[in-house]
Amino acid sequence: MTLMRAAVFVEPGRIVLEDKPIPDVGPLDALMRVTTTTICGTDVHILKGEYPVARGLTIGHEPVGVIEKLGSAVTGYREGQRVIAGAITPSGWSNACLCGACSQDGAGTAHGWKPMGGWKFGNTIDGCQAEYVLVPDAMVNLAPVPDALSDEQVLMCPDIMSTGFSGAERAEIRIGDVVAVFAQGPIGLCATAGAKLSGAAVVIAVDRLAGRLQTAAQMGADHVIDASQCDPVEEILRLTGGRGVDVAIEALGTQQTFEACLRVLRPGGTLSSLGVYSTDLHIPLGAFAAGLGDHRIITTLCPGGKERMRRLMSVIESGRIDLGAMVTHRYKLDDIEAAYDLFSHQRDGVLKVAITP
Amino acid sequence: MTLMRAAVFVEPGRIVLEDKPIPDVGPLDALMRVTTTTICGTDVHILKGEYPVARGLTIGHEPVGVIEKLGSAVTGYREGQRVIAGAITPSGWSNACLCGACSQDGAGTAHGWKPMGGWKFGNTIDGCQAEYVLVPDAMVNLAPVPDALSDEQVLMCPDIMSTGFSGAERAEIRIGDVVAVFAQGPIGLCATAGAKLSGAAVVIAVDRLAGRLQTAAQMGADHVIDASQCDPVEEILRLTGGRGVDVAIEALGTQQTFEACLRVLRPGGTLSSLGVYSTDLHIPLGAFAAGLGDHRIITTLCPGGKERMRRLMSVIESGRIDLGAMVTHRYKLDDIEAAYDLFSHQRDGVLKVAITP
Amino acid sequence: MTLMRAAVFVEPGRIVLEDKPIPDVGPLDALMRVTTTTICGTDVHILKGEYPVARGLTIGHEPVGVIEKLGSAVTGYREGQRVIAGAITPSGWSNACLCGACSQDGAGTAHGWKPMGGWKFGNTIDGCQAEYVLVPDAMVNLAPVPDALSDEQVLMCPDIMSTGFSGAERAEIRIGDVVAVFAQGPIGLCATAGAKLSGAAVVIAVDRLAGRLQTAAQMGADHVIDASQCDPVEEILRLTGGRGVDVAIEALGTQQTFEACLRVLRPGGTLSSLGVYSTDLHIPLGAFAAGLGDHRIITTLCPGGKERMRRLMSVIESGRIDLGAMVTHRYKLDDIEAAYDLFSHQRDGVLKVAITP
Amino acid sequence: MTLMRAAVFVEPGRIVLEDKPIPDVGPLDALMRVTTTTICGTDVHILKGEYPVARGLTIGHEPVGVIEKLGSAVTGYREGQRVIAGAITPSGWSNACLCGACSQDGAGTAHGWKPMGGWKFGNTIDGCQAEYVLVPDAMVNLAPVPDALSDEQVLMCPDIMSTGFSGAERAEIRIGDVVAVFAQGPIGLCATAGAKLSGAAVVIAVDRLAGRLQTAAQMGADHVIDASQCDPVEEILRLTGGRGVDVAIEALGTQQTFEACLRVLRPGGTLSSLGVYSTDLHIPLGAFAAGLGDHRIITTLCPGGKERMRRLMSVIESGRIDLGAMVTHRYKLDDIEAAYDLFSHQRDGVLKVAITP
């Protein structure tokens, strides 16, 4: 039995590098040799014990790599091919997938779906902060990487870019909309870029860190608001002449940002929520117009699947967006514990960390 | 100056019949002689002081009548014509209207919209529980009543039917959907009918009153659940084999029903909210899948305008729905105080009360 | 090698019953023992040589049956289970499927899709007018049949009902719409039912056969027009007071019906086209408003997949539609040549023929 | 009676400058003093007698100007205010407007809509190639011009930009789409820009004039194809690896470009048609996949109204698009006959001509 190195969850506070067997390949699977991966905010939730996973699980859901071995029923690929897989790995054959809720394809049992079931890598099955990762339903999930693109150029596709863009897409932004994006972490920055790419006339980016606001401006924000210096709700209402925004995107997962989104929304506007919340939410009656504001609140889990990945990579290849600047630090897999330390404490202006086995 | 009888708000607890001048007709207005109107749950909120309006305001927003006088700039109608107007009276010329948020057309000032502004009759201008009512922007709002339909047959169009149906429409119900409707008051009953009319395979109606559940079954509900006898969330999950519903419609305006809607929703499902809430709302983390359930929460204010009214009346005329059974009691305008007394205490199985001046 | 009986295409004019080997089961496949199937208008096109298929191909794409054997990679089913599969059998893993064009999932090669590729049974692979049929991508395509439903009750789901309903669905019919359906063959009848089920206030059914118009009225048509007796365009404009229809559904596949659809459409209306055309089409300038009518022309190929089948069966199970009356004749597989003779000549008021091996 | 100069249609081949009375102002109207206007391709159709209008009609539908006088029922504006009005002037109160077909609001009679009725200026009422123009339904149609924008900067909003952008909007372009735009006249160029603004990863512009292709590249086209040098269908299939495009936009109004759009469409793709056709159209069976390609053909007439104008001007103000380069020539109103001569012969690389009274 051959072994590989993998970052596994041991207990709250401890993700450590261990030796694990390289997994066997089932008929629909593919084994990917990971060449680059990264750490996500959700992984930090796992590290801190805020989001529970099984002890011994390999963490990570953003794989870039090379096909090492294909399952016996997998066609259309060749070993050695450069590929990525989305953070969310739909089966393609579940009822959830077939009725348009691909990201919610989890259980597949007769008794319905589990809300988190759609997210498998590093949640319900071993993830990709390892030398190898087993990709389920490979024909649905493996997306070939164009030769012209480097690993780091596509590293944001599996999760950050797919999630951030979906915040703009699901809100159905129209040409000329005014959009506010609350929080400019990696997902918020991609939401900012996605809003701009969708035709927003004005994108207003909110955060509390000057460095992130600077990056937001580079990604296309027309206005940036430092929430540590002023009340962003008042500032947005001032900027829009009291009209409010057509779309507000929540990209942090807190009561404060969720509520601020509601408060800046024009009647008939849309709150597009991307954040992973860790507490109950509270909707103030006034911010909700007592239920009479023709509002929409839409939550979205990162869309996955190879076609989604193909599209996102085509946007990068076209030069319409450059997410390279989001990789601020680089670590070897052997040093992933140090990477977690840096990332979880948000030190040194870190946005995303590239990890290479 | 000629006088008319009108039900006006005096102070919390008191809506009384008074003499008021028949209003002057501006160039875009029409004066309607009211032949039938009704009392809405919102009027009861006003009566109780829970929703504030100006003292002396005439209440009521569901007018059926005859054109008495047309404004100088109004064309396309004739005096004596039988018409209705929606509860919500869009101007047709506001930016809100022109960007698809007709029900939110209120202020029309440079400083944006007011959430409640779209509702004018009996809220910001005099309403129709009176002998006459002035209809603003008449060319947008007056809908001729087909000869074949009686006053009572179209009495639900201005508010109850338009609101209830919009709960189904805005949820984008698809053929084969499973839909739960929480609360079977007049609006909930119309939501039940609207869900059925939209192609739902299974409609589950929830209420605490046996009489209303019986009416719900007549309006098309496949299953009825008496929430006074069991936990409707558990019962709905049982009925759907644990799958949950595609769409849940809230038609009461309480925390309990709002939360129950979230708890029965399948991942990717839609909560369509029609209720007028009177308290802040609370979203339990689990019921919201921590923001990862691909849910949509959509609130809708009653759509108005003459084209909407034309469509609703065409549905009635086609025989696809019969709302006649919803008029359970009849009063003269002179006895409207007694009608309020009955309706606000929900006595005698009352659903809707027809008021005739 | 075990043999089975199968209806195969030999040459234009000849579909004959032959012995063929029972197919081997690949890892993603399932072998279905066919218990009931039927003949489609498209099969008649094949018979007549109007639509080319390979010689020796087994015809038929509407299977009801029992799982005989499951592929090695197939999970979630058991042998002996009653199932249907859609006429169109998407893979679930193609880029077409994953971008929402499941019915167009055909080739799966790097060089794109073939327009007809999505239809496989009896077109590019052996079909189901046989004792056994091999279902590709079984986990995507096998839909368990509820115990309460008989074979004949679900026999229309794979093609006729799925196609007909999709005509209404893709047109995005709204409550209160006026809809005209041109041609009341099996698909047109299902489009009529689907339009009604979608909330149309008025459905106008057009055909040249009195018997079919009678069935159309039973399926929910409010008006029927015998096109052999009058000009249906004039009649529809008369019925709608010159306004035209919101949606016109084409369910025959001829220039005449296509053009009539355009001519009855209101500005801003939608032509939903289901027919399989066999000639070029001609768009008269006036009927098309010179391109300025805000029209939509939408073509749809029968949606497939197990979730689609589940939904359609749930509609039947709910009692909202009864397609049993569409099976007008019954034949043994051994007599299928006689069935083709009857069906292709549209004798004896035939709508659909049930074939049982 | 005061007179003004106006360009009027006299007979095929002759549009001449004449003296006409300055129009009276009805209660819902506004009189605009025109400061800048332009000539459209449709005006050339009128000049040539290809599109019939009444003799003596003032031509022109793209007004930029100043409010000279407001109708008695018009509120919310002040005389002297800088405004534009869209080429299409919806009433706001017609049933067409109220059911979402604003551009089709024409007749307003009981007997339905006339396809061209939505276009009034220079078609059914006097247009704006004059010193003054009467704007109907002023509150719906007058959009204040931001101080920061010059006349020429907003001159494309009333027609060219609104139409071109709508080609992208109505096609529901998604982030990552591949879009082909056939013909790069002023509307095609705006469609190219609109496609890019909507998130297309790849925009392919087709024309036969090198100068226009150069402008297309400046407006955001990723590839340009000179149709005088190669077969654009073959070239587009080559560029997309045989896959075809997600959206093809027709911006010329000819059989050749319409058919080419169909031929480059992927299964499930959308043809968005903007051109004004002058002949019947022909749909080849193969290009239409015999009706089985899940295609959509959508035609769009220029959206109008003040909210549309506000949005378009906000896009210009945000700096996301610069249409200044499209004004290639400038004339005084007194010289408009010379301007027609230049424009109708497409001399000197003309794109658009600014006309100032």
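When the chains are written out, they are named A, B, C and D in that same order, and each has its own residue count from 1.
Note that a contact is a pair of C-beta atoms (placed from the backbone, for glycine too) under 8 Å apart; a residue touches a chain by one contact, two chains touch by 3 or more.
Going by UniProt, the chains are A, B, C, D = Threonine dehydrogenase-like Zn-dependent dehydrogenase.
For clarity, every value in this text was computed on a predicted model and none was experimentally measured.
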| item | value |
| --- | --- |
| Third chains touching both subunit B and subunit A | C, D |
| Which of C-D and A-C has more C-beta pairs touching across its chains | C-D |
| Separation of mean Cα positions, subunit C and subunit A [Å, integer] | 40 |
| Residues of subunit A touching at least two other chains | 99-100, 311 |
| List of subunit C residues in touch with subunit B within their complex | 165, 168-169, 174-176, 178, 194, 197-199, 201-202, 222, 311-312, 314-315, 317-318, 320 |
| Complex interface listing, subunit C residues touching subunit A | 26-28, 71-73, 76, 91-93, 95, 97-100, 102, 108, 137, 139-140, 305-308, 310-311 |
| Interfacial residue positions of subunit B with respect to subunit A in the complex | 96, 99-101, 103-104, 106, 110-113, 115-116, 118-119, 240-244, 253, 266-268, 273-285, 288-301 |
